Amino acid sequence: MGQIITFGEVLMRISPRGNRKFIQSNTVEFYFGGTEVNVGLSIAHFGGNVKHITCISDDFIGDTAISYLNKFDLDTTAIIRTNRPLGVYFLEVGAVMRPSSISYNRSHSAFSEIKPHMVDWEKSLANGNWFHWTGITPALTQGSFDTLKEGLKLAKEKGMQVSADPTYRSGLWQYGVNSREALTELLHCSTIFIGGINEMNEVLGTNFGYTNDEFIEASKMLIEKFPSIVKVFDKIRTSINASWHKIRARMWNGEDFRETEDFDITHIVDRIGTGDAFAAGLIYGLQYYDDYKSMQFASAACALKHTYVGDVNYATIEEVTRILDGNVSGRFNR
Amino acid sequence: MGQIITFGEVLMRISPRGNRKFIQSNTVEFYFGGTEVNVGLSIAHFGGNVKHITCISDDFIGDTAISYLNKFDLDTTAIIRTNRPLGVYFLEVGAVMRPSSISYNRSHSAFSEIKPHMVDWEKSLANGNWFHWTGITPALTQGSFDTLKEGLKLAKEKGMQVSADPTYRSGLWQYGVNSREALTELLHCSTIFIGGINEMNEVLGTNFGYTNDEFIEASKMLIEKFPSIVKVFDKIRTSINASWHKIRARMWNGEDFRETEDFDITHIVDRIGTGDAFAAGLIYGLQYYDDYKSMQFASAACALKHTYVGDVNYATIEEVTRILDGNVSGRFNR
Amino acid sequence: MGQIITFGEVLMRISPRGNRKFIQSNTVEFYFGGTEVNVGLSIAHFGGNVKHITCISDDFIGDTAISYLNKFDLDTTAIIRTNRPLGVYFLEVGAVMRPSSISYNRSHSAFSEIKPHMVDWEKSLANGNWFHWTGITPALTQGSFDTLKEGLKLAKEKGMQVSADPTYRSGLWQYGVNSREALTELLHCSTIFIGGINEMNEVLGTNFGYTNDEFIEASKMLIEKFPSIVKVFDKIRTSINASWHKIRARMWNGEDFRETEDFDITHIVDRIGTGDAFAAGLIYGLQYYDDYKSMQFASAACALKHTYVGDVNYATIEEVTRILDGNVSGRFNR
Amino acid sequence: MGQIITFGEVLMRISPRGNRKFIQSNTVEFYFGGTEVNVGLSIAHFGGNVKHITCISDDFIGDTAISYLNKFDLDTTAIIRTNRPLGVYFLEVGAVMRPSSISYNRSHSAFSEIKPHMVDWEKSLANGNWFHWTGITPALTQGSFDTLKEGLKLAKEKGMQVSADPTYRSGLWQYGVNSREALTELLHCSTIFIGGINEMNEVLGTNFGYTNDEFIEASKMLIEKFPSIVKVFDKIRTSINASWHKIRARMWNGEDFRETEDFDITHIVDRIGTGDAFAAGLIYGLQYYDDYKSMQFASAACALKHTYVGDVNYATIEEVTRILDGNVSGRFNR
Amino acid sequence: MGQIITFGEVLMRISPRGNRKFIQSNTVEFYFGGTEVNVGLSIAHFGGNVKHITCISDDFIGDTAISYLNKFDLDTTAIIRTNRPLGVYFLEVGAVMRPSSISYNRSHSAFSEIKPHMVDWEKSLANGNWFHWTGITPALTQGSFDTLKEGLKLAKEKGMQVSADPTYRSGLWQYGVNSREALTELLHCSTIFIGGINEMNEVLGTNFGYTNDEFIEASKMLIEKFPSIVKVFDKIRTSINASWHKIRARMWNGEDFRETEDFDITHIVDRIGTGDAFAAGLIYGLQYYDDYKSMQFASAACALKHTYVGDVNYATIEEVTRILDGNVSGRFNR
Amino acid sequence: MGQIITFGEVLMRISPRGNRKFIQSNTVEFYFGGTEVNVGLSIAHFGGNVKHITCISDDFIGDTAISYLNKFDLDTTAIIRTNRPLGVYFLEVGAVMRPSSISYNRSHSAFSEIKPHMVDWEKSLANGNWFHWTGITPALTQGSFDTLKEGLKLAKEKGMQVSADPTYRSGLWQYGVNSREALTELLHCSTIFIGGINEMNEVLGTNFGYTNDEFIEASKMLIEKFPSIVKVFDKIRTSINASWHKIRARMWNGEDFRETEDFDITHIVDRIGTGDAFAAGLIYGLQYYDDYKSMQFASAACALKHTYVGDVNYATIEEVTRILDGNVSGRFNR
């Protein structure tokens, strides 16, 4: 397995314990995360060789972030340090009919002020065979968009696999670029699309619904528009409430449509990063398995992430495999 | 919105973390609450103008209690301080088939020794347009009953709205007064009845069952007996077990019977104060909405309270409104 | 009620908070447990007179263990102290489809090096009328097997009741003894069998399935083979996932087959020691009740244990009785 | 060593962590203590045979208190349970020039309502050879004074040693008895006086200063007035500030005056119960040692208590002995 | 006592427990502070009438900040809310020879983007008789400087007392203004100077040393240059190490030089905000006492602040007064 | 700077919070440490290139240990995993005159069962230029002694620097080897001796006292006996009590005797690993500085370690350097 490259902002997450709000707390817990590094850390935890590229504050908070990434044996050697602060987000974890609440302090962070010249892409991608990006990075600032674009172009030139998770968040994209145009440019460098109807509608300008037939039709249209893309993977979440979800996945790989059974996640511990756990499972799976089994692996990884507090999936390869083998009842051996 | 007056004991609640018993713990958490102040704090947290009248110990525990109330921007200027201790209750939060356990240390508290001359009701109600009381206060001591009675009489004279939540607890009423007679006297000063079949049976001396028809019949009888009362609101709780309840509400306003759909509260965090959250939602709602929408607002507030640890409802007006708008799946936007 | 004797290893359990893994933690909680002492502590907590015999380290960890047992007013006077360390186990509590994980450090513990001459069985059993053992003890070392055997023989001679819970764990039995032979020898000293199909198959060398008919057939065969055994009690667990189980029980007492209804344990707090809680409930129940009511008592005790963190059942006699009286909805009175 | 009897109120202490105030906290820690039970627990922890007699609430807080005492293997069989709450005190631990703050909620506690008929003194003192009392108990209520008096009279009749620690707190003695008269009556049943100039001045009505000469003179006068008393032990505390004290002791046993060197307690962890640790060390010491060595033992025990959080001295006999042997530099062996 | 006005940034402080670094932690504690609001909160805690003016994020972190200020009964009605995040700082508390470490994330905070038109100074100062400012505010941005300047000019016009604490931090003043010129302009609106030699040298362009004579000479020169200023108060800190300081104060009021004795702060809990506690004590004191006693009051308040974790001085008026009365040994009464 | 090799057991340390004993706790904190890995981690934290060689359990505790080492960017690629448990030690941190207490569970740990064939020394030392060992490793088992010996012989062959810290603990050395002979063999492969009079007396069989003259004489004798050794560094600790130490260092490098001034460590946070911090500082320092400055660096590192909880020195190169530059008063800049 060659080196997998992830690129994106590392954020410090600060959350009260359990389901408390900040207004009820004076003790909080912190984690580090960010959609792309979550993917990288999860793959590293499976044993993969992953390098994460980002820009981090040159203070003890930045040191702590790097130490956190090192725990997973992620390659942190290409990380840039500047004197801007690390981005922070505050999360209050909801329950039942109360959704989680989030507040960001990232708009002038170290990463948001990244510029293309700060990354030595040639060196960074030297041993890479896979590049993963998401729609968050181009949505932040012109600098982060340009830097990503430069990396993706080189990845394409080098013939790397490029997985795209073009998650769309309306609260971002504030700096003046047209989101569809930007994503279009980046998707032309990509080979695997990880996203659902919303994301396809966003980049295609369509209005497809959520049925499997529409998913297949949208996927075909996507592949037609972006010929470099060969496969589409979608994770479907059904929320009973903030504490109880169901998860399944479906795919179109140009030939076959497949879908998995539902995982019934009756007692969610933390849903942040579960989509990233799906992407990580998929990327890891595709190194070893066929498309369908990779999707199953990704679904199981995603389901397991709901049982870990924090942004990162602490599931091990053994835990995911045990579920793939049909052990979903949570019984333990001793 | 004029000033809402609440009157009643403030208690310090002490609870082990999670579902632990005291015998398993050496660290505990504390909160302040009490059925009437819970109502007041919840309305203040919605942005209402609320004054709470009570009697609190003149020590650092009393200082802490007042500081806790101030957090919510509740008007604490009418609070009396004496050298008796603050009442305390100990709560062990149950789970599944294990009920919560409670133990009180309140019988000689600062509040229990309140006397009518200690409250300047004229001044306290000067800007009030609503008075809320519960059946706990008259059940404590002759002094607390008398003090409440004096306040209610003035409220009636001033033409204030008076909401009554005559919760009946058999463990109280130890000081020699007949509970039905006492409540009857107080209900004659009241305009809104917040309670169900049990409370109506208690004050009417009847034996109605739980059907809607019986609820309507009981409400009519209540309104006949207490002509000042014009509306009856009832919250119905179905306990699957200590961790999983369903909540709905119904009302009779002299003309219409209405009921809400069930909220399915699959993962209860803390059920203390959920009835108070209903009362608070109702009182707040009735300032702005019609009876039915007020009851819906109250139900949503009550349901949300189950997701907050402590006695007080930390739900914001936005959170309640989002549920009224139909968003009950707990998904969060970012 | 005479004195109940339990004999077996006391382990220190170390667990992260909630559903965290060690790799996510730097604060952990500790408890003491072990299948036999869990039974003893639970009976002592019900108010029974219980003596636990074991071997514990002669250091501050051993002091802490004894202090923990003393909390329950268990008779600790027969406990032996040596300079070997106390056994430890590490537990990560799972959730939903993630099973709990366990890692033991017990193979050279104080208890594992126990030898028959170290226990004065005559004195230890002087006031005993019941002896409880499990399949863990003979599975550890030759010394622990021999010591147990000596105790059981004396118990048989003295005509004590002997309950056997021959839990089989394949990870143990590493020291060279044939497990079936060893258990056979010990079962010939026993009067009550607490175990299910798996345990009966293990000692009978059969291959029965899980139906009630097969349970009865296996029980009859067991009683035929071990004439000292007169009753068989079985607890059946259905795992929806690691957070949600159902529990029921069944029995054959030589004459009647009976089974209980399911307890639906929708929000598990900690499932460690729930089987021990069943055994404890059964032993306690059989001092006072008939077989069927004892089994009901045991089931309720077992169900309640799922709501307590740690290895020991903190349920009180009142809590169990309330459930026997049909109050399973977890409502609390105040 | 015969059984040592202690009699007095058990209080629940609730304190924020470290040096926080309640107003800064939402998490607190709880302990159980009370001057007489602190003495009993400390002696039990040294390995002594101690029975504590008290009256405790019949609820889960009372259960927790008894479980706490059982940890130390204290004999709790004579404890009375009533439906009054356990007394509580709140403590904020000071630092440097900030003194600790304390607030009591004990005036209608289970113990404060004790009456002589509730204690079976004959049975309770059956195996006793030492009775320890303090000036707190007679200062609470007529009932607690009368109950103590009855016990002391029987102790005197039986020829038991009786140690008196007549600590005087002006905030108590509110129920109408003259403190000097009450203490005088009790001291006439006592054999060992544990107290200093303030206490002697209080019971003698004198005005002695703090010099050694005055101490000797006061002691002589005390022994003359109370012929049953044969020895006087005094602990002298010098406060540099709330975090740094010096402790030494002196004695007059009718023949010799002796005093110890200062212990320099440069980093106090918790000073509550340090006087009780002195009394406990003295009582324990006097079972084995001469007066001077007992006083040294008591001083070392007292000094060590300053390093333990909570009311009880967790020092072991080995820790005290090591200091008696001259190892005061806190170096540890491994 | 009229209303005291404070104006400045409110920051969220995040710190690991005790002396841990972030790299050693996953749990942290948060507080709110900021040099000016620390002064305001401390005076409010003494019972003063204080209004704080600032600009805070319009999210749940901002809500939590306001709730925190409300605890102290500070007037928060003039606080502006915008959609920029609240400033944050991270603090690692040192010990012995290890200094504390600090990292700021405040450069694009809600407050840093304040502009003069956002504050209605006329309304804000309507009931004010004292305005307190520090050198932090003009050092942040042109907007914060301009807004402060406008407020101070109005304060001068209205004849309010204006206290200036022109703390100089070289890490600030990055936006292009000359610090001496800016401070000069602001000092011409001020009446009380709270600062030492460093601050006087900064604004005078002098190079005085730390002797009392030089302090007097510098003070005279300052008063000559800024005729509105009538008194100079200086707090002198001697650091033995990060855990042990000595504090004293000196003053020149145009006529007299006075200085206090040292407070020996042998066990520092938290030194953040101790300078603000001095300023608060001084402002509060000058409402009631003469200059010297006010300075003593301020010194005692400052000393006490070292014993409270967090930015705010939780000392009460009773605690400060007890020290003024000479009780510095930290003994407590009960 | 070439790669520094450390070899030795990694232990899990479990400690209650603050100065609590286990018997007072139910929550504890864990760390990883061990004298040699402490040295390695500290050097890695300074930025050095360090590889640690050890044998660790193949379970989630072992995974957690490796993740902990990775945080420091230590090279963990040569670590062996077996199915024996990781060694554990329990530590209760003392205060004032109470020493810390320690209890080990390491005698059958993964490392204790290491054998020479399990380590590929050729590969492990391929890039090494320094090897550090301590007297703990040969004291454990024959296997650990033999494995170390093999490594040291190769290191000597390769001409690497070898630092020896032959700490002598009488509680070890239980497996039958003569400690002096074993250490002698290992010292003949060493070039730097880190130890004091006790260690020199142990290996020389002498009886030198603690004066500087005797230190020089002993050092000369040591160098004569072990010609490979060229320098001796000694750290001298003066314990006022368990909370307050003084530290200084002295050296003999064959030519010069030098000693440092005392560091006065008035408020110790955690003294475990402070000797290892000295060794780490020395090894790091000797890569860049002369002997004397290296010793100063080592002393400052050692002093700083007393302010960090846990076994590892979290001091950064900047923190040590600041002290070398004379800033020992703990003032912080902002």
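Note that the chains are named A, B, C, D, E and F in the order they appear, and that numbering of residues resets to 1 at the start of each chain.
The rule is short, and it goes like this: contacts are C-beta pairs under 8 Å (C-beta built on N, C-alpha and C of every residue); 3 or more make two chains touch, one makes a residue touch a chain.
What you are looking at is a predicted structure, and each value in this text was computed from that prediction instead of being measured.
Think of chain D turning onto chain E: fitted on CA atoms, that turn is 120 degrees, to the nearest 5. Farthest from chain B in terms of Cα centroid separation is F.
Although chain E and chain F share one sequence, what matters here is the overlap of their interface residues, and that overlap falls short of half of the numbers used. Between the Cα centres of chain B and chain C there is a gap of 45 Å. Centre-to-centre separation of chain B and chain E, using mean CA positions: 42 Å. Looking at chain F, residues 21, 23-27, 67, 71, 101, 104, 267 sit in touch with two or more other chains. Residue ranges on chain C touching chain D, taken from their complex, read 67-68, 70-73, 76. Listing the residues of chain F that touch chain B in their complex gives 24-27.
Interface of chain C with chain B (complex): residues 71, 263-269, 300, 303-304, 306-310, 314-315, 319, 322-323, 327-334. The residues of chain D lying in touch with chain B in their complex are 14, 21-23, 25-31, 57, 59-61, 63-64, 67, 85-86, 88, 90, 92, 101, 103-105, 107-108.
Across the interface of their complex, chain F is touched by residues 18-21, 23-24, 94-102, 104, 169, 171, 239-244, 267 of chain E.
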